[in-house]
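Structures are listed in the sections that come next.
Two complexes are shown next, each including chain A; its partner changes from chain B in the first to chain C in the second.
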Partner chain A sequence: MEMQTSRQVLHKKMEMGFSVRLHKFFVSAVDFWRRYKKTKTAVFGLVIILIFAFIAINASWLAPYDPYLITRERFAPPSAKHWLGTDDMGRDILSRIIYGSRVSLSIGFIIAALSMTIGIVIGAVSGYFGGKVDTLLQRLVEMVQMLPSLVLIIVVLLLLGGGIDRIVIIMGLLGWTGTARVVRAEFLSHREREYVEAGKALGFSKFHIIFSEILPAVIPTVLVIMAMNISGAILMEAGLSFLGLGDLSVITWGQMLQNAQRWLSQAWWISFFPGLAIFLTVLSFNLIGDGINDAINPYLKER
Partner chain B sequence: MPYLSLEGVAHMSEANGTIMKAENVVKLFPVKKSSLLAALTRKPPDYVHAVDGVSLDVQVGDTIAIVGESGSGKTTLARVMLNLIEPTSGKVIWRGKDVSTLDKNELFQFRKDVQIIFQNPGGALNPRKSIFRILSEPLKLHFNIKSGSELVDRASEALLAVGLNPAIHLDRHPHEFSGGQRQRICIARALSLGAKIIFADEPVSSLDVSIQAQILILMKKLKEEFGLTYIFVTHDLALTRSFASRVYVMYLGEIVESGPVEDIFMEPLHPYTKLLLASTPVPNPKRARSRETIIPVGEIPSPINPPPGCRFHTRCALAKAICKTAKPVVKTVGNRSFACHLVN
Partner chain C sequence: MRKTKSIPVFILQRILQVIPIVLGTIFITFLLLELSGDPITALGGDFALPDETVEHLTKAYGLDKPVYQRFFIYISKVLRGDFGYSYKQGRPVMEIIMERMPATILLGAATYVISTILGVAMGVIASLKPRSWLDNLIVTLSVMGFSTPAFWFAQLSIFIFSVLLGWLPGFGMRTLDLVDTSLLAVIIDRAKYLILPAFVLSINGLATLARVTRANMLEVMHKDFITTARAKGCSEFAVLIRHKLRNIMLVLITLIGLRAGMLVSGSVLIETVFSWPGVGRLMYNAISSRDFPVVLGGFLITAGMTIFINLTTDILYTILDPRVRY
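Entry: the complex of A and B
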């Protein structure tokens, strides 16, 4: 009788699989946050990014003016009416920065997601299988790394025209090499561990061992690179726009900087505020990356 | 519901007799050349002779011990027999079939039937998974079970069989257990698949002595309950003596002597076996003083270029000229075998 009840309790417990897992996730998230918040700069970075994300999502009602609206108030310095001033066509800079955050942030995330996916798969396969597969994939990594990416992107954009989608795809296809290297190194160390050997003896498929046994252990490291990749992508897009290769149909911070070049000596605010936005975002993502790194390797920090 | 007693490979045609066999297994590992010069001169690569021509016979219900020093190739032999690495030459026969020629279905049967427990039970369990996941994933794979409650039942039964409490332990993670409990979980995982042949690679050497005894008693009990066959890989002679039924002594990738455990321990024939037995401490000081002492000469030689002739001659006190040149043939007397020029 007692046995029967404990069995029922057990079944109930396991059937609540989802809520149990959610609870465990919550517990580990709290634990992670406890270590993450020890790095004050990382908390600062996270706050900044959350603010920018909030701004980007709510751009349409946060922006005081229509960002495309051309007015007669050209070169108005920062004032109560236009907090960050206006540009050469009398457009409100604050509104343009608010709308620009949408494109700049999402570009960063999409490029990072694309390149991380490629990098994880190639790195995992390369590190797990080793031998000839590894040699071959590592030569591929070197070939991609060897390409002068800026020149290549410029050539492609000049040939195909500069659309935002093309920038994303090209940068995604070129930016995965660092991730691949790090993931490979992690897999090299994990594949010799006993739990992987045990998995093989249990008859698990290679796919299961790579993605279910080993990959979860690699994810924290991947998050660090992801933060760095996002900031790299934002900076790269800004650079391309600054060179005049951006997409003219959308507002991005790089685009605003490019436009501001000519008025650098007359109206400092046209270039200063978009530059500040880029600077803060990139800095914040790097700080977040450092914070994750310190949170997953607490011993490194104490030394 | 008693799942455990029902499982196991169905075609148990050999109720007794040979269940697994190694025939002349050789495993060489090439040594990586790092220098450019070596690559240019095209010198043939060096090999580590990890296992060099080993034959081994496992009977149903046996408890085999493969003993030897570190670096004697005993773990490599186990990995070859588990089909985790391919032998350079030679064959592993499992229930009459060569394991290198198994088709996909047979390989699944092999994986269910032949399991391993490791020296470091903490390392053998994925630290990120709960015990339920650790136990249920292999079950899902091998028995294609979809129902969650059947998985819970099967996992619970396996945990009960090794003396753990499923109601408490099922949703914990490996780091929440002691070493002995982790080893029990590893054993439970092997049992839940219905394994009949269990390789144990130094199963207790990372545990406290008191826990060692618990685990060994458990393994003995499970052996009787489920008709298991054990293959121990160990350097622990006391464990071998109390647990094994048949002993294989390995030295530098070769088996130098084999036979029933009482014979080997009462009357070792090969000088290396004598050396091994003489180097185990004896708890009785009077007996320790009176017993013959053999002082080993030097370390185990490198397996990269193993010595010619008898591999043990560099350390053997009795070595003659012939030992340095000719390889001793394996002589079989009754149910014992040995490879030494000086013993007949």
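Entry: the complex of A and C
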């Protein structure tokens, strides 16, 4: 009977805890933004990504031409009519870049989400439990990390057939090691802290402690890796499309660069602008990652 | 307190730990081969093979044996360096890959040298005066450096240095009709072809190294042993070389191992852009002609090289830093 009541008390505490937490979250979010915006480059990165996201969402009415439309104006250099010129089939490069942003951005996000889910679970389990589980998982991390991932992805795509969905799944399955290592390190340092001890004393389940107590505390670090992961995924997808392993029915920036390869000596704009789009996107995500890092570890900024 | 392990024991332990990784890699390729469908149907292409031929081939390739037996046969073959025959050229895959290996090793070595020297130098220079314009410039350049898609940078550099300015050749590895065949002339010729691809391939690693070197240099700057060194009258230069750089050596060695995999991946792209006749370009051609044995062989070889480099750096690390062998 007494057990019952203490458990009820616990439930009440947890409910109260939720609203308190929500309030705390908003306070810390505002505080976080105040520190984040101090880094000018990080704000620049965020603005660029927001612009690209806007372009990707509104591609259909922003693009001046049909990106697939083949015309007789082949190799037209940048002009008032075609801002970024046309390619070997007379297609408008600006329109193709605008449409290409959809695939590049969404692929980056989806792959990062997939690989980070795996990385967080493995890192959390590894760091929280330690011991044999940890040793075993760390061997797995080492193994996956040693594989030349691009080459392995190529092998998989060749043997099992290409396509965007497969690229996403394989890259998700291979890209989690960095996340797992960082999350593990965070969990190692958090599991001995008082609030975790308190949680254990209150009788919370391990699942609850890992995902509801420690994980929220390491979210800022996870955000930093997420920014880096997205930029890595975009670069990798561009590389695969460049090798001709992407989906030929959709426009991607990497594929535009593959096409440009043959016309390097006569039309620089076919290569320059899609590459610039990749560069700006990747750079922006890296700057965002640095900005978050500076905001959560202000003392590091001095270094 | 644990006893300190001796170096040979530790090295042996490290080598033993690599075995499951090697077997795992081979298992992945075997699994992929199994999943990719029936090789005999693939051999026939669009034509249906006669029944006795199918039966003969099934026996010849050992496909009638159970999966686990096939796996052991596959492992022993791979470990002996037998990767089968190329569909395209009809020659052993190992032979084809080994022909291309020198070119890839040349490019890889040049890349390591360039990125390590330039990267460390940039990181050290940046750390000497933190927050100065030079430091800011190097920090900005390094963020840009690892955000650049290397194959795009390759295209740009070909356009600028070879198409526009005509300074350096943009394709291939050597001049085919070289008149002067003295050793010096050949070396100069090779170097000309090597500069662009090696520099392009090194930018990502160079940027990472510059950043890591800078961060680590700034971290050791305020350590007590630096103050001690200065107090006992070391010159600034001696402090830099003997005390600061020595301390970041370990970090740099780890990075070299980690970069091996990225370098291999990068070389597939860069060799393709520059028509560099190495393993990467071989694999690209094999991809476009669907020559599976060559692609798989290339993967196994590059994975093996990456594992080997990682093992070497690990061992080097333990010899240099006794703390690892707790």
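Here, the second predicted complex is superposed on the first by the 275 of 303 C-alpha atoms of A that agree within 3 Å, B and C clash if a C-alpha of one lies under 4 Å from a C-alpha of the other, contacts with A are read in each partner's own complex, and residues count from 1 in each chain.
The rule is short, and it goes like this: a contact is a pair of C-beta atoms (placed from the backbone, for glycine too) under 8 Å apart; a residue touches a chain by one contact, two chains touch by 3 or more.
Since the structure is predicted, the reported quantities are computational estimates derived from the model, not experimental observations.
Contact with chain C, but none with chain B, is seen for A:R139 once the two complexes are overlaid on the shared chain.
With both structures placed on the common chain, the touch criterion links A:R193 to chain B but leaves chain C unconnected.
Of the two partner chains placed by superposition, only chain B is touched by A:A201; chain C is not. In the superposed model, C is the one of chain B and chain C that contacts more residues of chain A.
Applying the stated contact rule after C-alpha superposition, one finds that A:P216 touches chain B and leaves chain C untouched. In the superposition on chain A, A:L160 contacts chain C only, with no contact to chain B. Residue overlap on chain A between the chain B contacts of one complex and the chain C contacts of the other is empty. Interface of chain C with chain A (complex): residues 17, 20-21, 24-25, 28-29, 32-33, 35-36, 130, 143-144, 146-149, 151-153, 155-156, 158-159, 163, 170, 215, 218-219, 258, 261, 264-266, 268-269, 272-273, 283-284, 287-288, 290, 292, 295-296, 298-299, 302-303, 306-307, 310. Contact residues of chain A toward chain C in the complex are 41, 139, 142-143, 145-152, 154-156, 158-160, 231, 235, 238-239, 242-245, 254, 257, 260-261, 264-265, 268, 271-272, 274-275, 278-279, 282-283, 286-287, 290, 303.
Of all residues in chain A, those touching chain B in their complex are 6-7, 9-11, 13-15, 17, 20, 193-195, 197-204, 208, 212-213, 216-217. The touching residues of chain B, counted against chain A in their complex, run 82, 84, 107-108, 111-112, 114-116, 118, 120, 123-128, 132, 137-138, 141-142, 148-149, 151-153, 156, 166-167, 170-171, 186, 189, 193.
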